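Shared between the two complexes below is chain A, which has chain B as its partner in the first and chain C in the second.
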Partner chain A sequence: MDLSFYAQLLLNGIVIGVIYALVAMGLSLIFGVLEIVNFAHGEFYMLASMLAYFLTAHWSFDYWTTIVVVTAVGLAVGYVLFEGLLLALRGEAFERSILLTMGLSMVLQNGAVFLFTTTPRMIETPLSYQNVQLGEVRLPVARLYALILGVAAFAALYLILHHTRLGKAMRGVAQNRAAAMMVGIDTRVVSRLAVAIGIGLSGLAGAALAPIYSVHPLMGFAFVFKAFAIIIIGGLGNVSGAAIAAVMLGVIESFAGGLLPLAMTDAVAFIAMIAVLLLRPQGLFGRGVRV
Partner chain B sequence: MSRRGLLLAVIAGLVALFAVPLLTDNDYVLALGISFAAMSVLAGGLNLVWGYTGLLSFAQVGFFGIGAYAAVLLVVDLGWSLWAAVAAGAALSVAVALLVGYSSLRLSRHAFAIVSLSFALLCAIVARDWPDLTRGSMGIPGLPPPTLTLPGLRWRIVDPADFYYLLMGFAVIAHGLIYVVVTSRLGRAMRAIKLNEPLAQSQGVNPLSYRLLALSLSAALSGVVGGLFVFYLTIIDPSIFDFYYTETMLISVVIGGPGSFWGVLASSAVMAALPDLLRFTTDLRMVLYGVALIAAMLVFPGGIGGWLYRRRLARWRRPQSQLQPQPPQPKAAP
Partner chain C sequence: MISLRLAITALLSGLFASTALAQSPIVIGASTPLTGPVSHYGQHARWGSELAVEEANAKGGINGRKIEIDFQDNRCNPAEAVKSVTQMLATKKYAAIFDGLCSSAALAIMPLAERAKVPFIIANASATSIAEKSGEGGNAWTFKVNPTDASMLDALVGWLDKEGKADSIAFLGEDTDYGRAGSGGFETALAKRGKKLAMADYSQKGAVDYTAALTKIKARKPGMVALYLIDADFQNGIKQWYTMGGGIPLTGRVLVEQVPKEILASGFIDGTISVQPYDVSVDTPANKEFVDRFTKKYSAPPMLISFESYETISILIDAMRRSGDASPDKIRDALTKTKYQSMLGPMLEFDNHNLVHNNAIVFGIKGGKVVILGMSKT
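And then the complex of A and B:
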């Protein structure tokens, strides 16, 4: 239990936290703009991983092409999801949106189980066995790339939200939909973009994680559970808060995994969520700037 | 239906239900009945929480499973009697329900939905990853047939018919309790909260306490059903927290109509028989349930109960002219 052990735990935690952030930021963005909790979010992440697996294993796409293709497919799927299903929910009670996305999640997850079975699949790429050595700490290249992609995606999303007209429109809709409509913002375009970006980020996360963990149809369910905890900890609808909370959770989980029994590790996210709700219900970063 | 007619229908239905084990010893029929008894209480609990107080809860399966695990561990490991073990399991479920409900309702109903789902998933994960307590994913097979002791009576519950009486008896008590609650002042306050929370609040109704009450009652009922049902299954493993139960409950309530006592009861009877009707497509059953949920949300949000209610409203609103022909009224000036 020397220093390099803790450094390794910290590094692993940051990498997994950045991947959590990709999924949680999309979830938070969709909630902020549409007031819809997308319960099917984890399934899109799972499908993206599946797609990445098939692209790499069967059509021998290389790493970067896979990332680009899967992310693009994710954006397109988000577009279709909004136009096909979520548009029908505008201005409706939130139960309908939850049950609709829950039904979608059931269809996607069990459909994937039916088609691909629950057998975990591993992607074998040249990257799988390469490591970067930093002193005594080792970082697999696939994880390094995931880290870089995650940070880049966060930076891009931050720039879009804060420095483009479209991003400002998105934040406007998130703050006050009626007022945004009154000043001439097309909420349909903005909402569609938010969903596309959200699902696209899930796609990116799925593709980036596929070479690190095994891929199977039930992976999304366990993952979205953490993403939910993250968006509550970070403050519902707060994208930057979600990103920070995600990295924090990744690090805490990584240390818990190294030092505590397994059942405790799983419970960390839930305990943190309940603690935040009891002590600071608006989330650690709530009430500041939304989205 | 008049009050008297309803009462007669209920009594006739109860007599018919309790006569089933006398008329047939067909295990298949009894199994359907047992599954109906258990699932209808779960669906009734969800209906109480969601249909009456407007909290969409995914945590019900957690209460069910916690009740089951607590009862099994207390009976098998500590040798408690079934009565005490089931009661303790229900109490544990209620305590957990209060924690989940109180913490998340401080924020919003959205937060409640999210936290309740996380809670249900966490239960399954902990049951799997805490082998010292739960024996992990292997579970505890071969549960002994439980014995119920009352003064002057020792009832060893072995046959399906015994379980049928046990679970159906509890289901009748549970639905009776739910019915009493939803038709009382409590039920009216709950409905008021669901329809318009700020208005209910302005009339002095505290939404949090009514919601926690509904949640605790449903947790207690689900916990008891879990504790009884698991001895019928004779095995407990993390699949007691399976999402399948949640989906069956949700569909029962959605199709029956949230907030409709009889609608949910009827649809849970259908849902108890449905898995066997869909046997030809076991693998795709969950996909079909998902499609049913999406379709219901898009085109049929109120369920059967909501549809009947709208029809009744429409009948009340039907213009008098259809009953007694009247000359058309001149339009009032704007």
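And then the complex of A and C:
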């Protein structure tokens, strides 16, 4: 195998890692602030991809407009989700949040099957088929854009969390909700924003990945299952940890898939998760402080 | 007086009972993926079989009795298939069980049908082991209408060998009975000609990213690539192969109807030589009529799954008609004596492994278009 083979595996791994991060960051943020594991996260990602498909294929929206519209819809859906459902869980048992989000996941998935059927759809625009070539190494343009969007989303989220009053409030709520309320932080507003941003990120992921992967109502499972492993490896509720863990996992998986039998790639992700749980139960980047 | 009343009551209840029996529908139980990664295929299985049932009912059903087909979801999962068929068999209202669709599911259903002594007729599952375990010396209640992977791949590899293209084939398939039967079929057919696969790798069903595996295949520079993925997995695989500039023709069972038009038209997979039990463009009057009827009803053209389901249910209904009372044992006996004119040409009969040998279609892709290279009996 020549150098270009390894370079291609590395590039593939970084891109898939950033794609994982796009999905995992929103999940991690919601858990960090609300302590809710959103089992419906994959379905929001799927619905965003569906919306991107219809905007592109039926209403001829261009790539960037689709990204903006779908992300905005995601933010709005997150707002409604919090006010309509998650708010009712305030102070309630963790188990109820699991049941609620799992139920929501089933309703959304089966609703999508009913409305759109299970037929897989592909966005067929020139963007879907173009690629950038450097010697023997290729990067499809849609993946390059997803990479840029993923890095930009992480940078924006990092800046919000660490350099704005809102971000400080979110981290405050994540660390100690009661203390945050005592110093005058409106936990409802902060939680609502966290859910809106989390679902907005899944909207961004759905729109960015729709030109790359086949779109169908059952697509949410594949990434979200992996995203759960990522947020555990990164440290539950730690957004930066989740992003770093996602890229690490993407690269490891790519090399495992390229050098070992393909069946080993998923095993690698979950062996890593088990190892982290055994050696560092708080996750690689977990410091007991979330978000 | 009392005895007269009793006699009238007995006569009337006898009449009602016989009318009810005459009017009670004959029910076929179907286990197929209605949800999960291959539910799109399940939908076509449903469409094809429901069209056959509808047409048979329009012709009066079976001795005045309507035919019904009751679908249960198996998610392409053997455990779910066992659950759905066990429930169906427990009610004892089903005259026959249909399909499973996925090889793993069909293999799991086979012993259940045998124990319950209910015919199990398979339209789509292609694993060779199904036929090996059926008929003489095996499961006498399982019947398989579509060709096995081994028989199709033997025809394909023979064709490739004739053209000097069988020396270096890389295989990427889903890690299921379908994928494993594909690689097994290739290995057997190649071994007969003193050759072997250049490499074989298997992905988890429902995987979305194949870039690592495709990078590995590309680096090995094989002459052809056999991609044994289906539905959304196939679409993802072929798109990623294209954007990575794969540049190696495909072989095996290429799902041409699922190749994006832009990729097909670009000539990227020109040189592909594949085999399928069916192609929508088969030029026989019966197939053309079928395509018209199907497209009119469902606003979508039939695909392999819909064709196989249609013909299989038609064969089952034909056996039910010949069986007399449509009881499971008589349907089984009638199935063994089947003579059914396929839309693809041959007169179909079950062999001693309860397997039908229809034509397979060897096709190629030239100038971005599908070209039928020939038919080969499986």
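Please note the rule applied: the second predicted complex is superposed on the first by the 289 of 291 C-alpha atoms of A that agree within 3 Å, B and C clash if a C-alpha of one lies under 4 Å from a C-alpha of the other, contacts with A are read in each partner's own complex, and residues count from 1 in each chain.
One rule holds for everything that comes next: a contact is a pair of C-beta atoms (placed from the backbone, for glycine too) under 8 Å apart; a residue touches a chain by one contact, two chains touch by 3 or more.
None of the values given here were measured: they were computed from a predicted structure.
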Report clash or fit for the pair chain B and chain C bound to chain A in the combined superposed model.
clash
For A:Gly135, is the partner it touches chain B (first), chain C (second), both, or none of the two (neither)?
neither
Applying the document's definition of touch, where does A:Leu218 land relative to chain B and chain C: first, second, both, or neither?
second
In the superposed arrangement, does A:Ile16 touch chain B (first), chain C (second), both or neither?
second
Taking the superposition as given, does A:Glu95 touch the first partner, chain B, the second, chain C, both, or neither?
first
By the touch definition at the top of the document, which applies to A:Asp266: first (chain B), second (chain C), both, or neither?
both
Quick check for you: in the superposed arrangement, does A:Ala256 touch first (chain B), second (chain C), both or neither?
second
Touched partner set for A:Ile274, first chain B, second chain C, both or neither:
first
Identify the partner contact of A:Phe5: answer first if only chain B is touched, second if only chain C is, both if each is, neither if none is.
second
So, A:Ile232: does it touch chain B (first), chain C (second), both, or neither?
first
From the options 62-70, 134-142 or 278-286, pick the one stretch of chain B whose C-alpha atoms clash with chain C.
134-142
Residues of chain A that sit at the chain B interface in one complex and at the chain C interface in the other, please.
110, 113, 221-222, 261-263, 265-266
Residue ranges of chain C in contact with chain A within the complex:
35-37, 39-40, 42-43, 172, 175, 201-204, 206-209, 211-213, 215-216, 219, 231-232, 235-236, 239, 242-245, 258, 260-263, 266
Within the complex, which stretch of chain A touches chain B?
31, 35, 37, 39, 85, 88, 94-96, 98-100, 102-111, 113-114, 221-222, 225, 228-229, 231-232, 236, 261-263, 265-267, 269-270, 273-274, 277-278, 281-282
In the complex with chain A, residue positions of chain B that touch it
50, 54, 56, 99-100, 103-104, 106-111, 113-115, 117-119, 121-122, 125-126, 129-130, 243, 247, 250, 254, 258, 283-284, 286-287, 289-294, 296-298, 301
In their shared complex, chain C is touched by residues of chain A numbered 1-2, 5, 8-9, 12-13, 15-16, 19, 110, 113, 117-120, 122, 124, 128-131, 133, 138, 140, 142-143, 212-214, 216, 218-219, 221-223, 253-259, 261-263, 265-266
